[in-house]
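Look at the two complexes coming up: chain A is in both, with chain B in one and chain C in the other.
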Partner chain A sequence: MIIPKLALRNMLGAGIKTWLNAAVLSMAFVTIIGAQGLYRGWDADISRIMTAAEYGGGQYWVKGFDPYDPFTLQDAHAAVPPALTERVEAGKATALLYVPATIYPGGRIRSVVLKGIEPGQKALEFPSSALAGSGAELPALIGNRMAKAAGLAKGDTVTARWRDARGSYDARDLTIVEVMRTSVQSIDEGQIWMPLQTLRKMAGMPGEATMVTLAKDIPAPGAIPGWDFKGLDLLLKDIRDLIAAKQIGGSIVYVILMFLAMLAVFDTQLLSIWRRRKEIGTMMAMGVTRGRAVALFTLEGGLNGVFAALLGAVWGIPLLAYFAKHGMTFTSEQADSFGMAVDKGIFPVYGAGLVLGTTFLVFAVTLIVSYLPARKISRLKATDALRGRMS
Partner chain B sequence: MENGMLIKTTDLTKVYPMGGQSITALDKVNLSFAKGEFAGLVGPSGSGKTTLLNILGSLDVPTRGSAEVLGEKIETLTHRKAAELRNHHIGFIFQTFNLLPVYTVYENVEFPLLLLGMAPAARRRAVLAALEWVHLSDRARSRPAQLSGGQCQRVAIARAVVKKPDLVLADEPTANLDAENSHHILHTMADINRDLGTTFLFSTHDDKVISHLRRKITLIDGRVAKDEPGPAAEKRP
Partner chain C sequence: MRKTALGIILLLLAAGAAAALAARAQAPSAETILDRVDRNAVPGTKIIVAEMTIHGRRDSRTIKAKSWIQGEEKAFTEYLDPPRERGVKMLKLGDQLWTYSPDADRTIAISGHMLRQSVMGSDMSYEDMMEDSKLRQAYEAKVSGEEACAGRPCWVLEMTAKAGETAYPARKAWVDKERYVVLKEERYAKSGKLLKTLEVKSVVSKGGRWIQDRAVFRDVLKPGSGTEMVILSIELDPVIPDVVFSKASLRK
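Let's look at the complex of A and B:
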């Protein structure tokens, strides 16, 4: 136990130098935990709001439907099978019909998807009720991004043109009865929501749907011929991959921070061993073996990690706790620049695993970086060290 | 080793390679020291005094011949065994004091005892006693930078003797001190030698040190040129 005690004594004795290194290192520390916590919070947040507004407890897609291939859309509809109808009627699911269309806002042409949803549905946290009771013949609901992109506002009408089930074109004016604010882009951009029954009539697809979304936590009833079940893992995969990619991009920042902090530790160690070579010689004369001297200096450097953790705790815990409590807020433009849903704010999540993992990482790297220069001591002759020389 | 002999060298030779050539720092040195001696190595610069002390202190090894210290043959000791020998039995005093700068006086003196793994209570007693010997009890909390040269060297003496070693090796202990401090230091060491029976071996150019020696060995070009009783020989306890 003597070596740790001496190492601590030496580091505390070195005063300001020790705390400067610890300060630099603590910045890396808190940034890593903060950024990782932010990504985790974001991931949790996105999963939550997308699940609530769009994915529910998973979706049954009609066979052949591929959201990434607009050409599949035209034929992606079929009668809702009895097993699902039962759940829709029980309020445990909701059916959605997708019909590709073009609209002509302000004389320009835009491709959109008309999406039919039951105004009274309760399966999703989606403001479908806005489609009921407006009195408009063809009520339509759009998101704020879509409204902005197409230059549409509440009360406007817009001409839509679509092909019905038999393949003949039809065109009508839709009335925008509501513009919803949503943080979920995938229920907003390029789409127009309408009452399911109205859209079924317009498209000549009575009783049909493109997908049936289960309410949250409703278990899937099993395989249904002609329909493919898509679970949450699969539905959230894209967004999670995107977050993971951003996370990797973000980690470059802390690789740089860690590198700078480690450079400072390495430098201090190298200098310290050079400056204190006579001290090392003296210790050897008193019976400290080279191995113990190496251990002592490695541990001294490693203590930088401990001090950084302490210092980081002092200023980092209040800061991170503040963000965890109040969230990090973004304007809707900033939020959209993330390329995915950001709710009112992100509430970072700092798990014990994250904190312990980061602490362990910082300790391990600091020890390694401290050991490298300390290795020099193992080739040092006591007589040379005492004469102030270093071989 | 004969009875009571602490150190015995036999044809002890140290050769330093220097580029193509080599320097013979010690040339067949044959010396013995008994327990309790207060002896000094004198001689011109480069005569091998430091080299001899380093080998006797197991910090260095002979090129040829043998150096037996406390029953251990220095030339056969492993690095670890040598460190153990120093830790338990040998104290060093240096010309430049070599105190650990970030430690207090107390911690500096405590250091060898920490290495020995001594229990806290015994350690504390020993440190306070050692500070008493060198009359620095009141400076226990000071740091080396706050002390004069003479005080630093007294701390170094306390550090060397705190574990009650059999042998203290002092390489020019007064070279950085003024006359008054030099005498003071020598008196302190002579007292410890008398009270604890610790063997002291100096290297020195300093007449003030020489005047306290009970045995004076003159080295010239790595050879023992003279081995005679010192000016203080009659004070032998």
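Let's look at the complex of A and C:
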């Protein structure tokens, strides 16, 4: 027990030197917890909003449909099977039809996907009701990004050209009945939403769909021939991979911070051993084993981690609590620059595992970094140390 | 006297009606016109050097290309000019299309939504290039009238697609009465909306066929003056080795 007491006394006795090290280390400490919490919060937030607006409880895709392969789009339609029709009629699912098209806004050409959705559907948190009761012959709903990119606004008409199920060209003027504000890019950019029955008629695809999205928490009815079920794990995988990639990129910052903090601890340890070599020699002459001397210096260095945790708690807890409550807000342009859905802001989530894990990590690394210079003591002769020599 | 005058008037009316009927009897049927148009338009093989001038909103640019064509099924095109496009090649085999870009040294199959993209920014899409050019097979037609077009007397043909899978469900064409070559054409969507127009500016005789050597193709849904195509030279019925129409020739 004497070693920890002695270590604590020595560290407190070192005064400003100790607290400077602890301050630098606490920055790394709080930054790691803050950044990790931010990514966790983002993951939770993105899963929530994408599930609500797009993925629901999972999707049945018509066989051959691949959202990342536009080549598959033209033929990606089939009659909705009875097992899914039942759920659609019960409001537990919604059918979506995709038809590739070209629009001509303001004399420019843009490739888009016309997407049919039931205006009265309740399976998704999607403002499809805007498509009902507008009085327009061919009502269309677009997102704010699409509106900006195509230069379209509510009340505008735009000519769309598409090929029907048999390959024949058709072209009509669509009326933009609403521009929705959404944080989910994947239901916005390059897409025009229309009433499902209208699109089915336009494309000559009665009763057909490209996918059927189940409402949240509605179990999948099992395997359906001609349709593939895609669960939330798969649907959210890309987004989660992207967050993980951003997380790895972000971790470089705290690796640098940790490195700087550890460098400070390492240097302090080296300097401390050099300056206290006579003290070490005296301790050894009085019967303190080399191992205990090494333990004393390692523990002194390790206490930097404890002080950093305490100091970090003093200024970090209020700061992190503030962000957890108010979130990190972005303008819509900033949010779009992330390349994926970000709601009004990101609200960090700090779990006990995250805090304890980070504390353990910082403490373990500090101990290792403290031990490395302290090893020198194990090779030190007491007589040399007493004379102020390092052998 | 009055009876004689009435008799003459009736005789003249009858003669006029007979002449009109005779003229109508001489007018070929719409099918015959389309047959002759197809014969003119679809020779066996040909090698063409042509220029395509794309008139955009701000400026115009010209692309020169050489094409080896065999019937409707096979076509191989190599872009010669401008330097930026030089070496780009395109191969059409039936309903398949590939392009080769020397910069990327890659061959890309054009299908799906890419077929809707315009060729080199022109008014013509890849789909337009893939269209079956035999009108007689694809359309029911009727002669809806006679009109002068580009200073030539023409039959006006209204065509309706026989099958649902034809790209343009309706077309209207002005066919030269003597040369049986389309001088003007309008292509319509199923809704009746006009999508594309073709205006032939010049026709030349070559090997017993009349060939449109200068024409403007226009996507009417977008602004601009369309894409002008000029045939600089044409060789009819040359022998083209099969290897030209192979994917291997794209990288040569």
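The rule we apply is simple: the second predicted complex is superposed on the first by the 391 of 391 C-alpha atoms of A that agree within 3 Å, B and C clash if a C-alpha of one lies under 4 Å from a C-alpha of the other, contacts with A are read in each partner's own complex, and residues count from 1 in each chain.
By our rule, a residue touches a chain if its C-beta (ideal position, glycine included) is under 8 Å from a C-beta of that chain, and two chains touch if they have at least 3 such contacts.
Predicted model only: the values in this text are computed from it and were never measured.
Chemist: Following superposition onto chain A, is the placement of chain B relative to chain C best described as a clash or a fit?
Modeler: Chain B and chain C fit side by side in the superposed model.
Chemist: For A:R161, is the partner it touches chain B (first), chain C (second), both, or none of the two (neither)?
Modeler: second
Chemist: Tell me the contact category for A:Y104 with respect to chain B and chain C: first, second, both or neither.
Modeler: second
Chemist: Between chain B (first) and chain C (second), which does A:K122 come into contact with in this model arrangement: first, second, both, or neither?
Modeler: Touch status of A:K122: no partner.
Chemist: Identify the partner contact of A:Y169: answer first if only chain B is touched, second if only chain C is, both if each is, neither if none is.
Modeler: Second partner only.
Chemist: In the overlaid three-chain picture, which partner chain does A:Q74 touch, first (chain B) or second (chain C), both, or neither?
Modeler: In the superposed model, A:Q74 contacts chain C only, not chain B.
Chemist: For A:R290, select first, second, both or neither according to whether it touches chain B, chain C, the two together, or no partner.
Modeler: A:R290 contacts chain B only, not chain C.
Chemist: Compute the least Cα distance separating chain B from chain C in the superposition and give it as a whole number of Å.
Modeler: For chain B and chain C in the superposition, the minimum C-alpha gap reads 71 Å.
Chemist: Can you name the residues of chain C that touch chain A in the complex?
Modeler: Checking each residue of chain C against chain A gives 57, 111-114, 116-118, 161, 163-169, 189-191, 193, 195, 221-224.
Chemist: Provide the residue numbers of chain A that touch chain B in the complex, in ascending order.
Modeler: Residues in contact with chain B: 2, 5-6, 9-10, 12-14, 278-279, 281-290, 381-383, 386.
Chemist: Any idea which chain A residues touch chain C in the complex?
Modeler: Those in contact with chain C are residues 69-74, 100, 102, 104, 107-109, 111, 159, 161, 163-164, 166-172, 204.
Chemist: Spell out the residues on chain B that touch chain A in their complex, using ranges where they run on.
Modeler: Against chain A, chain B makes touches at 54, 57, 59-60, 79-80, 83-88, 92, 94, 96, 98, 100-103, 107, 111-112, 114-115, 117, 159.
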